[in-house]
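Note that chain A is present in both complexes that follow, paired respectively with chain B and with chain C.
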Partner chain A sequence: MKNNHFLSRFAGGLTSFLRSDASKFLAPALFLVIVFYVIPVGISAYMSFTPLKNWNIDRYATQFVGLENYWKLFYMVTHDPSMKAILLTTVVFVAVTLAVNVLGGLGLAIGTYFMSERAAGASQLLWLLPRMTPIAVYSLIWYYFFHPSNIGTINSVLMHLGLIDKPIDIGQGIIPWGPWSIIIFVNGLVGVSYGMIVFTSAISNIPKELVIAARVDGAGNWDITRKILVPLLKWHIIYVTTWQLLSLITTYDHIFLLVQWNLVNRDYGSTWSLYVYNTAFQAGETDQGLAAAAGVVLVLISAVLGLITLKLMGFERMIREPRGDI
Partner chain B sequence: MPGMRDVEIRRRWVEVAIALAVLAFSLPVIIGYSLMILSSFSEKMVTGLDPASFQPTIQNWVLLFQGRTALFAGYRVDIWRIVLSTLTVALGISALVTLVGSLTGYAISRMKFAGRKHLMAFLILLHAFPGSVLVVGVAFIYRLFLPPYQYVHTYSFFFVILARASIEIPMATWLMKGFFDMIPWEIEWSAIVDGASRFRVWWKILLPMIKPGVAAVMLFGFLAGWMDLIYVRTFLAEPTLAVFIEHNANAEYAYLPLVAAAGTLYLLPTILFFLFAQRLIFTITVSGVKG
Partner chain C sequence: MGRAVSKVAVAVAIVVIVAAVGAALYLTRPGAPEEVAKVELTGNLEQDIINVGKALQAAGISEVRYSVWSGGDPNSVMRVYGIVEAAARIMKIWGENGINVRISVDTNYYQKPDAVYQDFVSKWALNQAPDIMANGYVYIASLADEGYILDLTPYLSKYQDFLSDFYAPVLEAMKYNGKLYGIPQDTEARPIYISKEAAACAGIDLDDLAGKVKAGQFTWSDLFNMAKQAKEAGCVEWGLIHRKGSAHPDLIQFIYAFGGSLYDEDTGKLVLDKEAVYKWFTVERAFADAGLLPHDMMSWDWGKQIHPTVVNGDAFAFIGGVWHWTEWQTKAYYHDPQTGEDRGLRPEEVEAKFYYTLFPAGEPGKQPVTLSQPFAWVINSKAGYQNPDYDRLKDIYQKLAVLLVIKASDPDIIAIHSIISSHLPVTKAGAELLQDQGFVNDLPNLPTIRSDEVRNAISDIVERTANPINIEFLMNTTYMLEYTHFTPKHPQYPKLADLFADAIDKVLRGTMTPEEAVDYLVSKINADPDLKGAVEVVGEVPTGWQFPQS
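Let's look at the complex of A and B:
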């Protein structure tokens, strides 16, 4: 009975929505989001129950294997060394990059706060550059930087300083921290700007009187940072942390070429998200069923995190009722 | 954006020290980008500490524009065609994202409708959706509607533009909503009372009032399309600059200074935006982040 009531309410809401002006404005977005977001996710979930391989849709897409892909995934996580490496890499990558992003963003926001306006603007612009750079170019820059031969910047610098005799292969030779440092470094530089922007705009909303009063009382930059800025930014820090956590779990495009170009080790340079993509598209024999199963696990984790973030954002407060209906 | 400054009684040398610390922290970014750009004008890769490695030449650029991928052997490619494909995708995505984002942003900013709250929460969640999972499902749809061979080329362009634009729609909507929110409701109210339809109001009155906002979303969409790697390499039947770089950076015949030139060419719009459209860059990131 209750269910029925819910359904009729939903149907009523739907018809009134379709009749409204708003539905015409929303139609294109809804179409795109449904075709290229909602349905693909449904398909991915469905694929995780099929033995789909090598994109042979005609042959495999209608077969049903139950939870087999999930068992396979579970078995790999517990037995396959390279899958274990990927899982470990994901955990370390997410944890360390998260710390780099949040602390780096906070450091930059506070650092630029104490700088002159022009210098602050210039350094913030500089830190936005990685985010706005074509991914292939960005990867190329760090490919040179960490290149295992003497053309690599790191190797060249270390050799000139006399710290090493011959070039070292950071991404393939020093397992696991070599590839880990590279992927953390590369993603860290992109992510820092997010925290920087949120914190900068939050700091600019802090009443100036607080800082002036502290100055008059003789407080230095460090006291102001520790006793005023950071405590007032508490919620922003929590929010940036959860949002960045979410992005880091799902990101893969900035690592993709580094693995593709063999700059970093395939196992200790791949995260779970990249594993999903590579299993579906790149490996010799692609296995979309397995990739989809690994993907569904990722979706579940990020959905929970996403809902937590929404709560933290104070979403309810953000959506004031609109004006504009007569 | 640099907002309110600190009070004026801080000491000068402290400020310089902090600026130097930030500069030191930023050094890898500065070095990385400069070395690539310098290398594109050099016979050998410029490696950092060794000034002798910079031997100025424009040969790399000449080779690149001739479509050669190596000094001697290597493939011949039509680099202008590659640039054109990249541009087509970027402009297509920019146009689509701007149009759809401004329609949706308007509705969310100004209209009451059933499920408005849920739609907004949904858009935020989509923004953080695992892209690699999405692309697997999108690839299934791509194959499901694959046309006869001679149309695949055109189909792939349309597909990439639509699919890639969809990913940016949540963010574009959010940006546009922010701009519409700033316009006082009374302005369009009078037009509506005079009998104008919502579409007319949106097109004739509101959009012209938020030209900077529209420009920001166009720029944002362009950059998103221009910088994309995964969608173009997975679906597009034609190489873009991203794919060109992917294939040439570590190939057997790779001539790295030439790849550096390709990278610099690919980076050019970003550099231009950073030189001439700084306000727009801040607008995109700040309002995008604030929601």
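Let's look at the complex of A and C:
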């Protein structure tokens, strides 16, 4: 009964939404979300219940194996001796890189705000370079930078300066902090530019009068930052944090190459999403059923984490309708 | 009332439309396919080519299209052009017999053979996979399991003479579940290279070392002692260098050299042979602990560390492959002390610097080994799908694809590929041509090649590589095929090989003892349900086994 009530309310809501102007404005975005997100998620969820492998759709797409792929995944996670290292690495990687990305982006945006316009533009462009460089090229640069021999930039410089007499193997020799530092550094450098752009555009929308008035009252850069800029950037910080959290959980491309090239330790250099990728695609036959199950689990984890972040940061207060007393 | 009438009208209209469409479909349905004369393969290649050509012409076909994909190093392009040349030769035969049918072949040559395989698999269901592919024999298992490639056994039942010219172990590698799914395209061996300069410097006599290795009199303990002697005499920085990144296939040779196995023919399961794997790990650990093998060997850089170290004489021994012989000539790994420039070695320099032998036996009583990963021609089970009237002429299109592959195995095509890519010939007739001075002298003019496309594509490579020293090297290493092993054609094998790489890395770095690493392998295998079901763990870690033994 209650269910029916809910359904009829939902249908009513949907009809009135479709008739409203809002639906027409949202149509292009909705179309993209449905085609590129909702439908693929639906197909993935479906695939996760089939034994699909080697892309043999003709043969496997209509067979059902129930929860077998999920069971397989659970079995691997609970039996793999490397899993502890991988989960620990995931937590540290996501937490620290997230902090670097958000605080770094904020720092850069605010720093450049107080700079002359030309210097600000140039320095922002510099920070965008990692994002513009193709992943393989960018990873290769850091591969040679951290390489554990005299061909590695760091080692070669330190040896020339006479600070060390034989090369240090950061990614494989200093466990776990060595590999963690490398993957956090490499990904952090790519990530900060995103926050920087969002925060820069947000800051440029803050009325200049507020800052000028504060200056007249004798406020320094630090006071302006603390009392004016950061409070006004709150919603942007929430957005960037949530967005970066979700993308860090699912990112593996740079890490994949660094592990593949043996620059960083396999266990303390792999995150959960890389583990999922390797399990499903890397070795042996490509198991799309298992990959789909792992993907569904990732979507669920991301959804829960995303909701928690939004809740913690008070997202609903931002979308609440204005009270009209301004 | 009016509303009811209009509803009836709509219903009638729908019925009429459906009926009209149905009737149209019924009337225009394809008639029963007209019978096509069946072509039986007779085992006489020329006759079969003519019969297939006549059948195509009778069916009104004037052009047949095929696509062929393969991949690998830039010198191995005959993996696609072999088929183009075969098509030219078939068309010549047709022309001489008044058959006017053209074969056009689209080629696609990748850098990485595994990417070719991935593309084949992901495009098969979309009807975009090639008709013919040359790729590693290991893929035969999954391609055959999925029904993606033709079982060639019935097509070649009359071609026993053709098949018997292939080296038996290489042909055997093309079989899966007792059926033949591929025709060998090329193969290779993995010699151990020893620095002649380092040996001379340390006063080590290499005379007939290859013979002693062959007889099982020279084992890994002896190689260890030699490497140690060279290092202690200050002649080299390293005693042994090997590949990085993966244990497959070079390091897997240790398992065979200790008499171990990776596959159980009876159960069809992969094998983790604890004893052989333990001994392999112990040998490498002994080399690393003696300072002869780098602890971080698995993360060395191929182009900046491994090859330069070997080529510049800083390593006593190197676990390499036959193709390195020409790679050292084409890539600038060598630092010329006289001019100070980096350059490729000249053939005579490679010959002067390197001694080569089989991979020695692990311990007395065991056999020397090498390992090959032959390339196979495989034929799409939908071969010919892009041609007209496919449903009716399917059988003829498939047979023509098989004939193309047979023709691409002509001795001269095999010999040319071997010479320009430094791979070993897969047929005896191909190997004989390498010894034919007339053939070798004429090679730069490519007198046997009919297709201009092929001639243009390979003439530069032929000019650079057709050197008597390189050809002699190939002839001198062909005997190694008698000692060769193949890694299993099992869909789960790559996963297992990945675990080996992980374990040996931990052993070399000293984070695990050989025994712990074997246990680690077992727990990793048990953590993956697919792998657990596919691998049987046999044997025990031996107690009190020492290395080196003398």
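Just so we're on the same page, the second predicted complex is superposed on the first by the 209 of 326 C-alpha atoms of A that agree within 3 Å, B and C clash if a C-alpha of one lies under 4 Å from a C-alpha of the other, contacts with A are read in each partner's own complex, and residues count from 1 in each chain.
Here, a contact is a pair of C-beta atoms (placed from the backbone, for glycine too) under 8 Å apart; a residue touches a chain by one contact, two chains touch by 3 or more.
Keep in mind that this is a model prediction, so the values were computed, not measured.
Judged by the touch definition given at the top, the superposed model places A:Phe93 against neither chain B nor chain C. In the superposition on chain A, A:Trp261 makes contact with both chain B and chain C.
Of the two partner chains, chain B is the only one touched by A:Ile141; chain C is not.
By the touch criterion defined above, A:Leu108 reaches chain B but does not reach chain C.
In the superposed pair of complexes, A:Val33 makes contact with chain B only, with no contact to chain C. In the superposed pair of complexes, A:Tyr70 makes contact with neither chain B nor chain C. By the document's definition of touching, both partners, chain B and chain C, reach A:Ile151.
Of the two partner chains placed by the overlay, neither chain B nor chain C lies in contact with A:Phe199. After overlaying the two complexes on the shared chain, residue contacts for A:Arg59 are found with chain C alone; chain B is out of touch.
Counting contacts as defined above, chain A residues 55, 57, 151, 260-262 meet chain B in one complex and chain C in the other. Put simply, chain A touches chain B in their complex at residues 13-14, 16-17, 20-26, 28-29, 32-33, 35-37, 39-44, 47, 55, 57, 104, 107-108, 111-117, 119-121, 123-137, 140-145, 150-153, 156-157, 160-161, 185, 189, 193-194, 197-198, 200-201, 203-205, 208, 211-212, 215, 221, 243, 246-247, 249-253, 256-257, 260-262, 273-274, 276-277, 280-281, 288, 291-292, 295-296, 298-299, 302-303, 305-307, 309-310, 313, 315, 318-319, 321-326. Here chain B touches chain A in the complex through residues 1-7, 9-10, 14-15, 18-19, 21-23, 25-26, 28-33, 35-36, 39, 44-45, 47-50, 53, 99-101, 103-104, 106-117, 119-121, 124-126, 128-141, 143-144, 162-163, 165-167, 169, 173, 185, 188-189, 192, 198-199, 202, 223, 226-230, 234, 241-243, 245-246, 249-250, 256, 259-260, 263, 266-267, 270, 273-274, 278, 281-282, 285-286, 289-291, going by the rule given at the top.
Note for the complex: chain A touches chain C at residues 54-59, 71-72, 75-76, 79-83, 147-149, 151, 169, 171-172, 175, 260-263, 266, 279, 282-287. Residues of chain C touching chain A in their complex: 118, 121-122, 124-125, 142, 145-148, 244-245, 296, 298-301, 304-305, 491-495, 497-498, 502, 505, 509, 511, 520, 523-524, 526-530.
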